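Going by the order they are written in, the chains are A, B, C and D; count residues from 1 in each one.
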Amino acid sequence: MSSWTLEQVAQHKSPESCWVIIHNKVYDDHPGGAEIILKYAGRDATVVYDPIHPPDALDKNLPPTKHLGPIDSKAADVIAKERSSLALTKDEIRVEEARKRMPPLRRILNLTDMEKVAEQILSHKAFAYYSSASDDEITNIENARAFTRYFFKARVMRPVAHCDPSTKILGFKSSIPVFVSGAALAKLGHPDGEVNITKGCFKEGIIQMVSSNASLSPATIIDAAHKSQTLFFQLYKHRNDEIAEKRVREIERLGYKAIFLTVDAIVPGNRERDVRSPWILEEQESGPLYHVETDNDMLKEDVNIFGTAGALVANDDRDMTWEKTIPWLRRLSKLPIVIKGVQCVEDAVLAAEAQVDGILLSNHGGRQLEYSLPPLEVLYSIRQQRPDVFERLEVYVDGGVRRGTDVIKAICLGAKAVGLGRPFLYAQSAYGADGVVKIIQILKREITTAMRLLGASTVEDLHPDMIQRVDWQAYIRPKL
Amino acid sequence: MSSWTLEQVAQHKSPESCWVIIHNKVYDDHPGGAEIILKYAGRDATVVYDPIHPPDALDKNLPPTKHLGPIDSKAADVIAKERSSLALTKDEIRVEEARKRMPPLRRILNLTDMEKVAEQILSHKAFAYYSSASDDEITNIENARAFTRYFFKARVMRPVAHCDPSTKILGFKSSIPVFVSGAALAKLGHPDGEVNITKGCFKEGIIQMVSSNASLSPATIIDAAHKSQTLFFQLYKHRNDEIAEKRVREIERLGYKAIFLTVDAIVPGNRERDVRSPWILEEQESGPLYHVETDNDMLKEDVNIFGTAGALVANDDRDMTWEKTIPWLRRLSKLPIVIKGVQCVEDAVLAAEAQVDGILLSNHGGRQLEYSLPPLEVLYSIRQQRPDVFERLEVYVDGGVRRGTDVIKAICLGAKAVGLGRPFLYAQSAYGADGVVKIIQILKREITTAMRLLGASTVEDLHPDMIQRVDWQAYIRPKL
Amino acid sequence: MSSWTLEQVAQHKSPESCWVIIHNKVYDDHPGGAEIILKYAGRDATVVYDPIHPPDALDKNLPPTKHLGPIDSKAADVIAKERSSLALTKDEIRVEEARKRMPPLRRILNLTDMEKVAEQILSHKAFAYYSSASDDEITNIENARAFTRYFFKARVMRPVAHCDPSTKILGFKSSIPVFVSGAALAKLGHPDGEVNITKGCFKEGIIQMVSSNASLSPATIIDAAHKSQTLFFQLYKHRNDEIAEKRVREIERLGYKAIFLTVDAIVPGNRERDVRSPWILEEQESGPLYHVETDNDMLKEDVNIFGTAGALVANDDRDMTWEKTIPWLRRLSKLPIVIKGVQCVEDAVLAAEAQVDGILLSNHGGRQLEYSLPPLEVLYSIRQQRPDVFERLEVYVDGGVRRGTDVIKAICLGAKAVGLGRPFLYAQSAYGADGVVKIIQILKREITTAMRLLGASTVEDLHPDMIQRVDWQAYIRPKL
Amino acid sequence: MSSWTLEQVAQHKSPESCWVIIHNKVYDDHPGGAEIILKYAGRDATVVYDPIHPPDALDKNLPPTKHLGPIDSKAADVIAKERSSLALTKDEIRVEEARKRMPPLRRILNLTDMEKVAEQILSHKAFAYYSSASDDEITNIENARAFTRYFFKARVMRPVAHCDPSTKILGFKSSIPVFVSGAALAKLGHPDGEVNITKGCFKEGIIQMVSSNASLSPATIIDAAHKSQTLFFQLYKHRNDEIAEKRVREIERLGYKAIFLTVDAIVPGNRERDVRSPWILEEQESGPLYHVETDNDMLKEDVNIFGTAGALVANDDRDMTWEKTIPWLRRLSKLPIVIKGVQCVEDAVLAAEAQVDGILLSNHGGRQLEYSLPPLEVLYSIRQQRPDVFERLEVYVDGGVRRGTDVIKAICLGAKAVGLGRPFLYAQSAYGADGVVKIIQILKREITTAMRLLGASTVEDLHPDMIQRVDWQAYIRPKL
């Protein structure tokens, strides 16, 4: 296999023949979708490829015939020189400055503090991706607001000198009833990516659920884990059953301990903040783009390369059913199965009937269906209407959790554990694995304090009678 | 018939004898009301006449004896010169600048984006007319807010790879369950007027309901339509049954496919934003007007020529009844009859008993009776109290719809389709027919995404059980 | 009786002997309370006395022995000179400027417009007195907000070409179901005082209820009325039954047509905005006052002369009862009796049992008991719990009414008419009697429009079924 | 015992051997916790020790062997000189200026006025400590907001000329149904500390509950009281029963009349505003602190000396129970026992069954468990579900009370009296004992006014029927 010149590659920038250079190798086509790749067709695309793909993604997803071989050394020199001579963008300069002014980690008092730091030090693109939610982001906000309608009926005069917040999730020990819920594309925020979370979780004894869309491969992540550490896997099922099967078998072989089958993201949500991000950056550099009336630009969609969750779910199975998919998965693997993305009582019952091991009540952090009910409200409805579900499988909740009291409310209502996503992404972006440790320590302190003040010395003491749903909306204090 | 000099015309500027020049022709009287015309009596009124009247309005509404013939060529020269030498007003300059800075259409992500562009590029007068609503505009706001009290109980594990959002309205095919609801005076925003909407609807396969108050005649509009295209007509019934009959027969003859009889606008609503518009423009040019205590100006109403919906409905029938008006209309025409402006369950039942073909639950976009219930709430009440109504006629809803999820909520509760008005006016004002296409494309994308995430592959799958009315008010996020 | 020198008067400025000069006459003591008068003791007090007392108040309330006779001409000269040489205060200059910039009356579209003008052109003192309410002014705000929880179920297809909003109140004709509710101290805003209201009411055919605390005497006001005009009287019963009886007999003799016995203001409300007003004015002139630690100023209350409603109700009867007071009043007068200030269903029933002719549901515009229920809510509770009350007496409502739709909601729920106070004070302050006419014309237009759009052609058509109490709080739009 | 040099003391600044100088005496160790003291180890700590400890605290809590004796005179000179040469901090300068601009006490109209003055004149540290509450301070806000959901059904035509707001609490007379609820660390705001409150309470005839955490000893406070004055004691039970017993016996011997056993503060709440206070002061002086990545500072908690309530409750008993603790206390003392910190109906019933004399419904002013129900809501629930509790013991409420109407609402619902804490701290900080008198006078005036307008002449007339819980949230007016 010979090496390529830049001129040769540059001739392949049409939909018909579309080559890109990544890490000095030439590839034909791109798994994400023709439109996205066309913007970088015929030239080096490393800088946009890296943060959203595991290093082994091309090897795994592109057939060998698409691997066209290396560029020549002159081309490599040109590319290297271009990259080094590239002036920093305004956003990069802003980030560089902000990173110098990060507060000491020991002054981060709560998860909102961490989010504020992350907002400062993340690139516009990364923060837009992490923070964005569907449409008007109402579901995202309501997920958190739901917690403000649940108050405690605290019990006094109960012995709580000893207080143990630990629990088991699918039989695996967790130091607090909290796990990391499928936070993906961690390399957008920190070069070490998801491994920061893995290390932090081990140190503090909680479980990480690794996403199919992680920016590192499942193998890389589990390699970074301690051998005694529990990791779960968040599966996006490929529409091709054979590819899906291969993935499931790999996961089990690697040592993941459970499969969280994602069912609420079969098509991408409409995350406008994310879509707009490149336009805002472009405006910062070159000023706003104005409308020119020509026939061909009028109705063409603006293409953006990072904005969409589209590429990530493009090949997902949109025809899963309880009857077909669960038995298929059971046949493939002995791992416990949890359905991630249950959004109403009726489906919680169907899941129990399908005899899965657990359900994660979730609307994907408000990133998929706008106006999906807040998971805490779904949990409450299950408690009111079908409490038998809690006897038949484990129920988890994610979305909007930011305080130890939030966790405890969910546990009181019957959840076995609670997932958090964004806070871990923010923490690792700013402070790496130490940030992740900090988040868990904060939650542990908040949970223990609240349990004691509530009169509970173990998670088993947390009971629906300790919760009162109120008929007023708690006031949301502007940030301190 | 001789031609007139400017001096001759100028002598007729009293209530007793009131002439105006329009497109170089002289007319005696004016159908809209004496007060309005007096401001322009005895001189050229073309510039204020044009945007709110169909070109053939004078021919149709004024008897031949009122057509006094042309002005002479010298007069025509003077008028032309005056118009060309007219300095632009501050508002016209603002609009001219804003039109240069319009974003590319492909960067319009949602209907609010479109409204924001329209607010920039429309004349103050036009935006005031389009956006205004009654009194304190509470009904207008509540129409939209009502949607935030309805959440989805999304279903997962249902096959939705194939998803078809099309439906039929009165038996006519529509690519999505959306139609254009009586948006009038389109020429205030774009010289092509309502025809922009006609063209856009054809391209995307939805139905336009044309208003009696359109700035183009029903004939002009249907002439611009494709011969296979479905158009409905929004009828404001004239108090004179003969004139009304003539209009109905014309509509049927022209090929309109249904009559939407408007019953919520028999008198004009109190649209203060619209009324204040000329004063604000006057202040921009000449500074504020102060009070001088003289007997004769104290209690005289300020006259304004565009501000009121008054002229538009001045001759409407205020004595319509179920017993009299429906049979009268049935006798005249075989077209399906829909009552536009039903505002409570009781009248929905009366409509069913009167055997009309459909009802449009509407409070005229909050432009008529302040504190009329939001149509979505009326729809919900019908679902709760009289679900039999849905079996007896087709139910539509308009008012406050801005997102695909809004559409789907109404369909879940039993609506056959949903109407939108202002978004189409805004879109055509900014981008002509392409803007209209864009609006429909956005809705189509949003509807399809939401249907899939909700577990529905056809509109028939949308079911009341997928909706939960919540006891909290969803947070309205400040615009992104 | 000799005349006094300024020096002689100046010696009487102690609590033991306290003289004041008013309109060049010397008086011993003052009916309002020792503290207030002490500030002006021994000198001329005309300027603070005038706006809050009828001209005949001293003659009526002070025994002849307290009338000490005129000052001498030299003293009169000195006082006149002092007054003319007095520099305008900053607040007076502000008012003078603002009055020049008042908008033409014909551009006042609604009652809020009028309030905004009044806020500009009233002295700080007058606006503070008119607008103030108790404690945190929550009741005042809630009175108005209550209307936003009641929506219309509008009826269509009903003949409303003819629409008559007139009604009868205690058998007296009123052009709309609205009356002026006890607005007092009108001279604070306009030299003609309450007579402005009298004239405006006559012109537009509604009834004025005149307050005991009017800045003009009942005789002066009724003298200014047309002989066919109906006026009611708002009675604050004196604790001395003989003085009270004298007042009742005077009222009946003068020709007032009904007595509204005020029962919600037996002690003054805590109107802080009013109390603070003189301090703010003092700060404007001389800068803020700082604390100096001396024994004698620490806990002494700050005296202010206009701030309190205290003086106005100092002698009111605090021991009225249903058993004693109603029969006493019946014996004295044949006039219809209405109880003003009923605040709950239970007292509405007691009033019916006491066989009075009407009740005015009112919390005194939020100026007395903070957290008293909004009158509209009390009306709704009567409708729900004791609709028989409406058969037994006439029920009126005041507090928070600003729109024609507010009036109609109350009428639908069973009120016979609705009172407004502050809007009339604001209107007469800015534009005199014409302002009052304007307010009534606006309400008439708004009421007629809303009746027609609601499907009602007379007030008898307004029915509880047209109202729906909603479970959400309507959004209050920031002022246009 | 010899005297120490500064050099000798300076050698003891390690966790192993940690000395401090306080008022020129040397001590080994510190009762508050090793971390806090280490910051001042080996040197003078008087300035941070004084405001939060009673003068006799060291004598009482440190065994004699830890009292190492005085420093030498040279050391005393150096310390005195250092202190006098210390430049004022920015915060101290701000406070000094603000204290000069305090308004005269007679212009303080309500408790919010007082809070606003206190916010100006308190050190950042003191205001942070007084005002802070848990987590996002939602419970603190909701405590006050709860009152806005309860409206009055005021009764008219009842004799109220005579009105007596006095009551008895545990048999002890109180001029109004209000007491001072455990306000501690008063010396942070005023050098005289809690004694200001003692004096003010005596003057106005209400009862002070003295906190275990007062900055003066129980003996000092009761010494300052009038011999006829009633004081209660708020007990934080030490985990060591013997120490606790000693404290109880001392309290009874000193003449305190009741024991309020605190059960809602067994661990410190998470008061972030308080924790951040020293950081903010540090930033004011030296600029912000930035993150430097070194292994040892990453996850170490920031130590702060005043921030936490931690030290105050470090030795409290976390294993109290109804079965064990109440009988223990009964055996020790004949004083009435009140449980402070009951937060739900169930525990109110348990308290009645444990035959204590009273309960104080309280969530510690929102300073402990975030999302604990507002005490007023708990009171309302007891009234609805278990009204028998009111027959079995006295019920008090604290948290969020700021107006006389708040007090009356609680009394109507069954409370015997209402506690306030922060307002008294603010008042004494700004104006000493006079400030405390003022607060009580304001409440007395507000309570009497509201009782009269409500139709009640004694507290026995205040009845549940006078209260209506409403289904809307009252509007909170921005501060006047």
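Going forward, a contact is a pair of C-beta atoms (placed from the backbone, for glycine too) under 8 Å apart; a residue touches a chain by one contact, two chains touch by 3 or more.
Not measured: the values here are computed from a predicted model.
Comparing the contact residues of chain A and chain B by number shows a mostly separate set, under half of all numbers used being common to the two copies. Matching the C-alpha atoms of chain A with those of chain D calls for a turn of 90 degrees, to the nearest 5. Spacing of chain B relative to chain C, judged by their CA centroids, is 44 angstrom.
Chain B and chain D have centres, each the mean of its CA atoms, that are 63 Å apart.
Counting partner chains per residue, chain B shows two or more touched chains at residues 471, 473. Interface of chain D with chain C (complex): residues 100-107, 109-110, 148, 150-161, 403, 405, 409, 431, 434, 437-438, 441, 445-446, 449-450, 452-454, 465, 468, 470-477, 480. Across the interface of their complex, chain D is touched by residues 135-138, 141-142, 145, 149, 239, 263-264, 266-270, 272-273, 275-276, 279, 288-292, 297-302, 318-322, 325, 339, 341-347, 350, 363, 368-373, 377, 471, 473 of chain C.
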